[in-house]
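First chain A sits with chain B, and in the next complex the same chain sits with chain C.
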Partner chain A sequence: MELKEKLISSFMAFENLVDVDLPVHDVRSEAIKRFESQGFPSKKEENWKYTSLNNVLKHNYSVFPKHDNAIEYNDVKKYFIHDIDTYKVVFIDGKYASHLSQTTHEGIDVCLMSSALSKPKYQPIIENYFDKVATKDGLTSLNTAFSCEGAYIHIGKNISVAKPIQIVHFSTGSEAALMLQPRNLIVVDENSHVQIIERHQSLTDNPVLTNSVTEIYADKRAIVDYYKIQNDNENASLIDNTFIDQKRESVTSVHTFSFGGKLTRNNLNFYQNGERIDSTLKGVTIIGNKQHVDHNTLVHHIEPNCESHQDYKGIFGDSATGVFNGKVIVNKEAQKTNAFQANNNILVSDKATINTKPQLEIFADDVKCSHGCTIGQLDESAMFYLRSRGIPEKEAKALLMYAFSNNVLSSVKIPEIKQRITKIIATKLGVNIGFDL
Partner chain B sequence: MLKINNLHASVEDKSILRGINLEVKPGEVHAIMGPNGSGKSTLASVIAGKEEYEVSEGEILLDDENIDELAAEERAHKGIFLSFQYPVEIPGVSVTNFMKAAINETRKAKGLPDMPANEMLKMIREKSEMLEIDRKFLSRSLNEGFSGGEKKRNEIFQMAMLEPKLAILDETDSGLDIDALRIVANGVNKLKSKDNAVIVITHYQRLLDYIVPDFVHVLYDGRIVKSGGKELAHELEEKGYDWIKEEVNA
Partner chain C sequence: MSKYTEDDLREELKTKEYEYGFYTDIESDTFPVGLNEDIIKAISSKKEEPLWMTEWRLESFRAWKEMLEPEWANVNYVKPDFQAISYYSAPNKKPKYDSLDEVDPELLETFKKLGISLDEQKKLAGVAMDVVVDSVSVATTFKKTLNEKGIIFCSISEAIREYPELVRKYIGTVVPQKDNFYAALNSAVFSDGSFCYIPKGVKCPMELSTYFRINQAGTGQFERTLVIADEGSYVSYLEGCTAPSRDENQLHAAVVELIALEDAEIKYSTVQNWFPGNAEGKGGVYNFVTKRGLCEKNAKISWTQVETGSAITWKYPSCVLKGDNSVGEFYSIAVTNNFQQADTGTKMIHLGKNTKSTIISKGISAGKSQNSYRGLVQISSRADNARNFSQCDSLLMGNECGAHTFPYIEAKNKTAKIEHEATTSKIGEDQIFYCNQRGIDTEKAIALIVNGFSKEVLNKLPMEFAVEAQKLLEISLEGSVG
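Moving on to the complex of A and B:
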């Protein structure tokens, strides 16, 4: 049976597991219908021209993992940012892992989607925000249909959350192949500030496909900094659908670090619903083998006097393939928009490929919009310069690649994340030199 | 220390060096002068191990060892240093980080542990003071946005940090005003000892007033066509290169 049919028929079994009397279930029922009519995207769709899901959809995924798998903190400590105090919302095979988590209800809510969906006190937030900014395409609808677990974060007015929040999803290989549909809702009220780190990590070689949806709402003057660390093993694939709704004078940033995984697709969407909004989208991709990373971004400038800054760097080795498709829409009303986009790539192998496509749709006449994409090789004269100072070829290459990514790293506000990323880059490039000197 | 025998080199089948002979002994300063396009920078790059150049004939010996097959970094580990005519800008790598990587990679090649951080900092402080380099400058990205003079001063700072056996200064005077020239030359002179040697490649005699050569060679059309003492540099300054060309072509 094809995965699509399997998922649709699993929906009835899913209904036996959840409370179908909750209002959210109507949203799910509508969503499964949409998935039924739309299905998975194919390469015929413009947005999926360079990314085929065929290879990752062919496995016979389990939709409901059978049992909780206990893993000890020490075994997975390395996947956390563990040298600073953080809140943690951790899942194992899609189920909440309380022993690895540190949630809170003190002043802020950092807890579970399952609670938020079922408990009456969260209903106003769920009604106002759940599945509101998310688009209604096939993949997002699929996630909505099966949405029952994930992180729920609500920061009330005027709170600067002292500790970053980590959302970590582990998969253990208890199933031959596993499909996960995590659903996160993050609501940040006016004048509040929060930092979030998200990671998906498979602990076995069994295939895993994660189709994740995250909705983020940044109210007036809210500040949200979001970091996605994508360094999964090479049998794990991720489709990340993130939707950010920004209100007046809010400032949000998403940094995506893509180093691992078999196929990674980031659908990152910003909607600027207010004036003087600032949105930042940055990413570093360093992949090899037959890995594939696709950044599909959208910034929708709806109102005047807003800014967006996009900066994506990619380094592709072996037979790796990359895609950058950056769409910027500036509505007629959105005068004085400043929208910047840059996508720079280095191909370090003859077989590596990058498809990069800026897409600007500008309907206002008084705006500053720029975009630029480059594809190149490592600079030979720079290589000779470094080597003439005694830095061997491999290390010189690594240093240049690190330097190339440094623009993106420099805006990471949590030093521990920067250190971690630096270390991952060094490991990835197979060198043992400290970049962070 | 350095012995070059009948060196022929070409790039993309274009022959540039056509039989260079040169011997540099410890403690000596050699100047290589010559008109544009005579092969001065090529000679410097070939000694430092730039891969684009093909050595078709002859040999380069460093302490009696043939270094033809060695990569640029291996030559650096053996003590060859090239001060670039056009130092490359490397955004994202600070001067300090770059020097740490260079020093520690060289130590690693010699089987030594990394230089302790405090020792490194002390050395950076001393050498930057010697070349009157502002400390803030060291945390900037390597050569990015540096003026011509800053780039050259930074090259000599790197030389001071790496303490090479043989330093080749390729047009280090170009882009320097007179004050910077003096600082750079003083730096080079302070680093001079009886155990190391310097090859100064220059178009003009100006730098040689400060770094006084023991030998001056004139490179023309890929060959050393004339050698002499420091007075040869003055003669070239006065008379230009045409008389050399005429002599050779005659």
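Moving on to the complex of A and C:
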């Protein structure tokens, strides 16, 4: 595979750019070796049975982009949740854009991975958390090997962060094809609360491949709400790897809204290392054309009395393909686990495909685990009801689809995000729903 | 059929060991161990097969040599050494019986221990038996009644000799020679099995039944079953299995092909109770079976299975719903105890319009066993208005066992309606308490609850089988209270 060789050889060039004396560099060197032996996943692997990377990997991606691109806030304002005050960590072609960002060190650290990796005062955190919960598979290892930039967020004990944090990655298309490997680390200490919004956005039609890794650590009783908005253009592909390590009584939710991109693969992994943990995974996918969205989730129940809730809705039009591969593992010590998983899909075109595999692996006997999965159409009688009241077909359809995905939206805690998503849905369905929530 | 009372059950529960673990010393005509083209030719000539059949076997063997043993299933075991198995064994005295008196008394004794006295079966159940002891069928009953209706029910080797055109037309059409590793092996070396043909418009008046039995030490069993239901016909086919207790692992790689032509219906029921290995997980049968049915227009195939035995089960009875309006059903109970491992489920391939499928799977795991459901529902883009309902329930007893579900759902048609549900639970303490309170001891309460849990599937079994299956469930779970 060409790209693989190219990446391995660029690692040496990469070593010239970063400080190789840092302890983290040993982690990187180990990681590139792992990537060398494992490479990119192929369809022969069970987890990649329905998603082929071949089409995405064929471009000649440049790994070190030039970065002289100044973009003005007004040009990209629409990609932010701009109607509320937020901290912002913004990157352009993988480089930090200070003029668009708003970071802080007051009480909490919302800053850059590059400084966290190099400055001594962050070393204890980096040593304890960096690359600890992330798995050692090929793609994650590749990211680890090239990890140098991304968002670094550390919330100390007993802090409720006043405003949400936005992490936005822009790519400008200054290169014919670009590969980005952002690396985020989020550490939330005891009793703290934080809300984070993440977005990847390509500003031109040049192909972009993002292989992102985010590690989230939620300590005792911490609350973390994470929102991923994926509405990129049709030449941008995203492989998003998120690993969440939860301690006792923490509550973590991840909402994934997938509305665009050529290929989107979400690897979302929760590890419950403590009792009475609550994990929520929700997602809405509405795609068309030849887009492909793959949700690959894992919830690993390791200790007793925990809960997990998964709810993924998908609407697939044109020749789009959707994949849902949800895995719940309940260890034998994890008694009294409640794990729920639901995946509902609507196919609106004859050429669309949905492949779903809700999987349970259970080793404990005193548990309540269920999964449900449906593939169906819009209810004809509901359609008739709306039509008979003078609502045109297109709008009626949109209303029903909106209602279909509303379960997921209802648990979004930031109203502005809810409004934004509603608007995106309305645009996707080509209607003006005529109301904001 | 004599009434089965609670006392009988108590007696039975006392005998914890696998009760059918005995070994009958019948002189056998066994081939040297190992597998090569000469062995295959020898099997073929032993069975007086025509040339095309020999060629067909050799073709399969050549394909098999290129194939790798599948490893995707959720089971762990020591892979069998395929060169250490003898591929043919037939009882030496092979008379053609007209009545039971002529049958080798030792053989009759075997049947007695199995509780399937031919005599009793004949009279009470009205079941025609085609008993297979070590690969060669030795007794066939009720042949005359079937003959009158034009139904062919015989061993597959007989069918190859007597009805070559039928066999040649259909064999390998549903499970191709190269379908998978074990199917290829079976196609190369299958020793015997059953063949059944129901002519146009005939409704088979009785349940057709074959008891399989692995006997000779060190012989693998490679059964081949072919059931053809011609247009508008109906047949209910029963298959039940027991095997002697052995220390070395025995391999069983069977292939079952069902063909339901237009408007035909096939009901295929299995009770499988092969030696599961002892409480330490030693020994036991490896059961790697390929079962598949093909439905033409308006046809229906229904699989019902009760799986309690075998150390390793690897089995996915499937339906290819090729014709419009065809129906596929799968009802399964899989019980694993001690160190048993089961990876079983079904595939429903919807190709025709308005096709329907139902999957009800009940998994019960106890002891240190692992029980997996693995299923595929596939809706092709031409299959308008396809409908599927799947339900997979797992019951766990004790915290050393595991229950797993791997449902694959692939839909390519917007008119498809698919529902899949799965639950995992344990027997509620309140349920046990309720029973205890009413003077039912815990062991019996569990039997009761398990029976209730599996009722939906048990109800689908023919009467005689249902009784046997219930008994089996209780015995299989004996000693797992904890």
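Remarks
Operating definition for what follows: the second predicted complex is superposed on the first by the 434 of 437 C-alpha atoms of A that agree within 3 Å, B and C clash if a C-alpha of one lies under 4 Å from a C-alpha of the other, contacts with A are read in each partner's own complex, and residues count from 1 in each chain.
One rule holds in what follows: a contact is a pair of C-beta atoms (placed from the backbone, for glycine too) under 8 Å apart; a residue touches a chain by one contact, two chains touch by 3 or more.
Nothing here was measured: the structure is a model prediction, and the numbers come from that model.
Clash-free side-by-side placement of chain B and chain C is the outcome of superposition onto chain A. When the two structures are aligned on the shared chain, A:Ile197 is found in touch with neither chain B nor chain C.
Legend: residue contacts after superposition of the two complexes on their common chain; A:Ala320 is shown touching neither chain B nor chain C.
By the touch criterion stated above, A:Leu360 is placed in contact with chain C alone, chain B being left untouched. When both complexes are overlaid on chain A, the residue A:Tyr402 reaches chain B alone and has no touch with chain C. Once the two complexes are overlaid on the shared chain, A:Pro392 sits against chain B while remaining clear of chain C.
In the superposed model, more residues of chain A are touched by C than by the other of chain B and chain C. By the document's definition of touching, of the two partners only chain B reaches A:Phe384; chain C does not. In the superposition on chain A, contact is made by A:Ala352 with chain C only, not with chain B. Closest contact between chain B and chain C, by C-alpha atoms in the overlaid model: 15 Å. Across the superposed pair, chain B and chain C touch chain A at no common residue.
If you check the complex, the residues on chain B that touch chain A are 48-52, 71-73, 75-77, 81-82, 84, 87-88, 90-94, 96-98, 100-106, 109, 141, 158, 162. Per the touch definition, chain C reaches chain A in the complex via residues 72, 379, 381, 394, 396-426. Interface of chain A with chain B (complex): residues 379-382, 384-393, 395-396, 399-400, 402-407, 433-435, 437.
Listed in rising order, the residues of chain A touching chain C in the complex are 46, 332, 335, 345, 347-377.
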